[in-house]
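Have a look at this one before I ask anything.
All chains are identified by letter, namely A, B, C and D, in their written order; residue positions are counted from 1 within each chain.
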C-alpha cells in the first residue's frame, strides 16, 4: 500500500476551515446556479484578493476552469501561447482544444516552467497566415509546474509585449496561493493586464473548487449560459463558494500555502538528490535514476516522473514534518543503495 | 427577500449524513482523479444499487453527466430522442450538442414528461437520410420533469423498440431517488437494457455530485481521459464520492426522497389550484393565472413557470411541514384574491 | 429509371457560361487559397452585386457556407433564430451546431417560409437566462424554402427589431438569384443591415460554389485561418471563383434564374393540384395525397414530400418547357386517376 | 509580378482531360449529394485503383478530407500519431482538432517526412493514462511532404506495429499519384491494413476534388450524414466525381504525376544548391541562405521556406521544361551572386 503524501497537492483532504464553511453554509435554502448569497460573498472576497472588478464563478475542476477561460480568449481557428510543460499544454488531455472548438496551443520553452521572454518574442513575431493557428492569448502559470514563482516584474515582462500585439492574458493560478506565500502579490495580476484568472482552491486545501475571475468585462456576457453549455454550472453552487469564505476570511489560503512551501524547503534541504528547479513554492524536483526511483517506490512512496525527467514531490497544507522526515530518510536510503 | 424553499430541489443544502461523510473521508491522503478507495467504495454501492457491472464515475454537474453520456452514445452527426420538455432537451443550454460535437436532439411528446410510445414509434420509423440527424440513442428521465414516475413496464415498453433498431439507452436519474421512493426499482434499469445511467445525488440531498454509470462495457475505454478532456475529471474526487457512502450505506438516499415525495403529496392535497400532473414524486405543478402567480411571488415565494405553462413547486429532503403549510396558506390567499 | 428534373435545383448541370469560365481561368499558374486574381475579380463582382464593402470567399457547399457564417455571428452558448422549415434549421444535419460548437437554433413560424414578425417579436422578448441558448443572430432566407420572396420592406421589418436588440443578421441566399429575378434588389441586403450573406451559385447554374460575404468588418480577421480550420479553404480556389465571373459579368446569374422562375409559373399554371405556396421564385408546392404521389413517382418523376407535407417541384436554369409539359401531363394523369 | 509555377502543385490549373470530363458529365440532370451515376462510376474507378471494397466520397478540400477521416478513427479524447512536419500535423490550422472535437496529435520525427520506426515504437509504448490523449490512429503520407516515397515494405513496417496495438490507419494520399508514378503500388494500402485513405485529385491536376476512401466498413454507417454535418456533402457532387473519370479512365492520373516527378528530377539535376531530401516525387528542397532566397524572390520566383528551413520547389503536371530551365538559370544566378 503506497503512501500518496507527496504524489500531488491534490491528495490532501480539506482543511478544517473549509469543512467548517461547508457546514456553516450548507443548511437552509439558497438560490441555485450561482445566484445565492454565499457565491456573492465568496466572489467579493476573490475580487478583494485580486483587487479587481470582475465576474467570479466557481467550478469543480481546474482543467475546466482553464479551458473555459482560454476558449473565451481565443477563437477556434486561433491558438494560445503557453509553456510547453504547463498544465494547459501538457496535462489536460486536450480540454482546451475541446472547450475551444479545436483551438490550438503553441508551446514555448523556458527554465523551470517560466516562459523565456525571447521565446515569447519569437512567437509574437511569427508569420500570421491562414495555414497556422496564430496566437490570440498568452497563458501564464504562477507558481509554475516546476515550483518556480514569477515576480510581478517577470510576469509583466511577458504580459506587456503580448498585450501590445493584441493578445489576451490568462493566468493559471492553481497554485497562486503558493506564489502568494512566496511573496507574489495577487493584486498585481489585474494591474498587469490579466483578462482571465483561475484562482486555485483545491490545491490550497479545499474540497473541489476553483474560481474563474473574468476581468475583461466583455467576457461576462451570458456567462451563466456559457458555463452551463460547457457543463460547468453547478446547481448547488454555494458548496463551491463556501470553501472560499473559509479560506479567505481569515487568511488561511496564504497561511496554509506558506506551510506547504516551508515543507518543500525542508524536504529540499534534507534530500540527498540534486534538486533541479528552484524551490520557491511547494514542489521539489529531483534528478533520480531509474534504480533510485524504483527503490523509492518500493519503500512505499508514490511520486511522478514528470515531463523534464525529474521526480516530482509536492507538499501541501497537510504535509507533516514527520512525513517529510520519513520521506527524506527513504530518499537517503535510496541514494545510498544506488 | 424571497423564500426559495420550493423553487427547486437544488435549493436545499446537504443532509447531515452527507456532511458527515465529507468529514469522515476528507482527512488523510488519498490518490486523486478517481483512483482512491472512497471512489471505489462509492462505486460499489452504486453498482449494488443498480445491480450492474459497470464503470462508475462522479461529476459535479448533472447537465455535464447527461451530456457526457449522450455524447458517448451517439455520433456528432446523429441525434438522441428525448421528451421535448426533458432537462436534456430543454434545460441544458445546448450542453449535449457541445459535448457531442453538434449532436442533435429529436423532441418527442407525451403526457407529464413521459414519452408517448406512439410518438417514439413514429420517430423510430422516420426516414434515415443524409439531410437529418437520425437517432442513435434514447434518453429517458425517471422521475420525469413533471413529477411522474415510469413503471418498469412502461420504461421497458420504450426501451425495447428502441434497442430493437440499435439505439443506445440513456437514463437521466437526477431524481431517481424520488422514483425509487415511489416504488420504482433502480435494479430494473440494467435489466431493461440501459447503457448509461446518471444517478442523481445533488437533488437527493448531497453536495454537488452525480454518478455516471456506464453499463455498456465499450464505453469504459479510456474513460478517465474522456472525463478529463471534457473538464469532468475532478482531482479530489473522493469529495464527490464520499456523499454517496453517506447516502447509500444506510438507505438515506431513498428515505430522504420519500420525505420529499410525502411533502409534495401534502402540498398537492392542501392546494387550492388545479394540479396538472400526477404527483408521484416530489414535484407539484399548478395551473395558475398571471394574477395569482404574481400574488404568490409578492407573498415572498419563488417558483418557476415551466414550459407547459404550469407553476412548479418542488419539495426536497429539507422541506418542512411548516413550510408546506405556510405555502399552501399563501396559495389559498392568492386563490381567494383572484 | 426516374427523372430528376424537378427533384431540386441542384440536379441541373452547369450553364455554358460557367463551363466556359472554368476553361477560361483554368489554365496557367495562379496563387492558391484565395490569393489569386480570379478570386479577386469574382469578389469584386459580388461586392458590386450587393453594393457592399466586404470580405468575399468561395466554398463548395451551401451548408458549410451558412454554418460558417452563423458560427461567426453567435457564440456556442447562444442560438440563432430561423424559420423552423428553413434549410439551416431543418435540412443541414446539425452543421450549424457542429461549426458553432453546439450553438443552438430557435425555430420560428411563418407562412411560406417567411418568418412571422410577431413570432420574431416574441422570441426577441423571451427571457434571457443561463438555462437556455438565447438568440445572438437572425437567419433569413430569400427566396424562401417554399418559393416565396421577401420584399426589402418585409426583410427590413424583421431585421430592424433584431438589430435593435443587438442581434447579428445572416442571409441564406442559396436562391438569391431567384429572388433577384422576382424583383428583389440584392443591394438592399447591406443597406438593411445584413452582417453575413451567402450568395448561391450552385442552384443558380454553377458547378459547386457559394460566396460567403462578410459585411461586418470584425468578421474578416484571420478569415483564411477560420476557413481552413473548418475545412473550407480550397487550394485551387480559382475554380470556385471563376464560375462567378461567368455568371455575373453579363447578367446570366439573374437571367438564368428568371427562366427558372418562369418555368415554375408555367408549371403552376398547368398543374391540376392545389398550389399551397405563392409561386414567386422557382418552386411549386402541391397538395397531393399518397395515391397521387405514388402515381407520379410510378410515372417516373422524382419529387420530395417536404416538411409541411406538400410535394415540392423545383425548376432550374435547365428546366425545359418540354419537361414542364411532360410533368404536368403526368400530374394530370395522376389527378385523374385519384 | 511573381511567378507561382513552383510555389506548390496546387498553383497549376486543371488538365485537359479533367476539363473535358466536367463538360462531358456536366449536362443533363442527375441526382445530387453523391447519389448519381457519375459518383458511382468514379467510385468504382477509385476502388479499382486501390483494389478495395470501400465507401468512396468526394470533397473539395484535402484538409477536410484528412480531418474527417481522422475524426472517424479516433475519439475526441484520443490522439493520432503523425510526422511532426506532415500536413495534418503542421499545415491544417487545427482542422483535425476541429473535426475531431478537440482530438489531439502526437508528432513523430523521421527523415524526409517519413516516420522513424523507432519513434513510432516509443509512442506506441508510452504510458496510457487519463492525463494525456493516447493514440488511437496513425496517419501516414505518401509521397511525403518532403518529396520522399515510402515503399510498401516501409509503410508496412509502420502499419503493422500500430495495428497490433489496435490503432486505426489513415493515409494522406494528397500526392499518392506522385508516389504511384515513383513505383509505389496504391493497391498495397488496403492490403497493408489502411482503414481510411485520402486519394488526391487536386495536386494531380484536377479542379478541386479529393476522394475519401473508407475501407473499414464500420465507418460507412450514415456516411452521408457525417459528411453533411461536417459541411462536406456537396450537392452537385458529380462535379467532384467527373474529374476522376477523366484522370483514371486512361491512366492520366499517374502519367501526369510522372511528368511532375520528371520535372523535379530535372530541376534537382540542374540546381546549384544542395538538395536536402531525396527527390523521389515532385518536390525539390534546397538549402538556401537568406541572401540567395531573397535574390530568387527578386528574380520573380515565388517559393516557400518550409518547416525544416529548406526552400521548397514543387513541380506539377503543368510544369514545363522551359520553366524548369528558367528557374534553374535564376537559381544559378542567385548562387553566383551569393
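Everything below uses one rule, namely that a contact is a pair of C-beta atoms (placed from the backbone, for glycine too) under 8 Å apart; a residue touches a chain by one contact, two chains touch by 3 or more.
Just so we're clear, the structure is a prediction, and the values are computed from it rather than from any experiment.
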| item | value |
| --- | --- |
| Neighbouring chains common to chain A and chain B, by label | C, D |
| A-D against C-D, pair bridged by the larger set of C-beta contacts | C-D |
| Whole-Å separation of chain centres (CA-atom averages), chain A against chain D | 41 |
| Chain B-chain D separation of Cα centroids, rounded to whole Å | 48 |
| CA centroid of chain C to CA centroid of chain D, Å | 32 |
| For chain B, residues contacting two or more additional chains | 76-77, 92-95, 98-99, 101-102, 130-133, 225, 228-230, 233 |
| Complex contact set, residues of chain D against chain A | 76-77, 79, 90-104, 130-133 |
| Residues on chain C engaged by chain D in the complex (per definition of touch) | 3-5, 7-8, 10-14, 19, 22-23, 25-32, 59-64, 67-68, 92-95, 98-99, 202, 207-208, 225, 228-240, 302, 318 |
| Residues on chain C engaged by chain A in the complex (per definition of touch) | 33, 75-78, 101-102, 128-134, 222-230, 233 |
